[in-house]
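What follows is one structure encoded as structure tokens, with my remarks underneath.
Chain naming follows the written order as A, B and C, and within any one chain the residues start at number 1.
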């Protein structure tokens, strides 16, 4: 395997792994209804993806410029890791408003119910 | 790079991108609790995936018939894009009933609470 | 195509498909608010992924040991299938506590509202 392919693959794998970790931390923040923190973590994940993407795009560009890239299962694996990590990030970013909307409605109900007299104490 | 591989990759990338866009619009409809619209958008996304899949399956079939396909990082990227877009579509389709079920329970609570007297006005 | 690559691809495709099926069943259990069953199904999906991963890792390792793997779109497809199935599993596992947390809050409201007198019967 070409050393530059190994280096590129490792670079992509590391930054994609970082992106995934930040995305999962964002989901944990969503569980605590901390949607501001979740958004900040998704932005951090975006930064990691951008770094991984840069290496990836450079290689795709080299190929488009006529350079025949040698096949390496490791690079294919790195591409997959980047694409799935990015996929998760984008999906979580879109799901966030759905959870936030439900969270706000539940919160409104919780607040409203506090003002209602109970028939019996529990 | 073989021109037919470039064409196939571009075809897959375009239709996968369309599928992803429809899937994200479905998630936005879910945020508005419009699950009928969301389902229609997911069906549209399915149509896009089918078009991308057809090109992809033809190439896999050619290879199965004994034709050695040349490696192209671009095609690998197109495959990844198809697979992650399809993955998001299928996951959102399955998450939809979970969100809908919670939406219905919240809605029932909202309706019930309207009939309850408040102890103080707010 | 090399027969061992076909065998490895088929092995990965079958176990990844099993993992995806268990993950989707977990999402169905989440719709029924059965988070214990959902967790058990995600654990089963993890077992399937582990089996698919083993074959995959062996091939990546062979390449790292200096063996040049021939390119096969089928193997690339199998890798994609594994990575997206695993991606869905990991995401659902992280989304589960978010849904469970909202489910618990809705359930608490449902219980609380039962103890509140209604102004009119419906």
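Couple of notes before you dig in:
Simple rule for what comes next: a contact is a pair of C-beta atoms (placed from the backbone, for glycine too) under 8 Å apart; a residue touches a chain by one contact, two chains touch by 3 or more.
Quick caveat, the model's predicted, so the values are computed rather than measured.
Of all residue numbers seen at the subunit B-subunit C contact, under half occur in both copies; the interface is built from largely non-matching residues. In the Cα superposition of subunit A onto subunit C, the rotation angle, rounded to steps of 5, is 120 degrees. Rounded to whole angstrom, the centroid-to-centroid distance between subunit B and subunit C, based on C-alpha atoms, equals 17 Å. The multi-chain contact residues of subunit B, meaning those touching 2 or more other chains, are 71, 76, 80, 83-84, 87, 91, 95, 102, 106, 109, 113, 116-117. Here subunit A touches subunit C in the complex through residues 1, 20, 24, 27-28, 30-31, 71-74, 76-77, 80-81, 83-85, 87-88, 91-92, 95, 99, 102-103, 106, 109-110, 113, 116-120, 122, going by the rule given at the top. Residues 56, 59-60, 63-64, 68-71, 75-76, 79-80, 83-84, 86-87, 90-91, 94-95, 97-98, 101-102, 105-106, 109, 112-113, 115-117 of subunit A are the ones that touch subunit B when the two sit in their complex.
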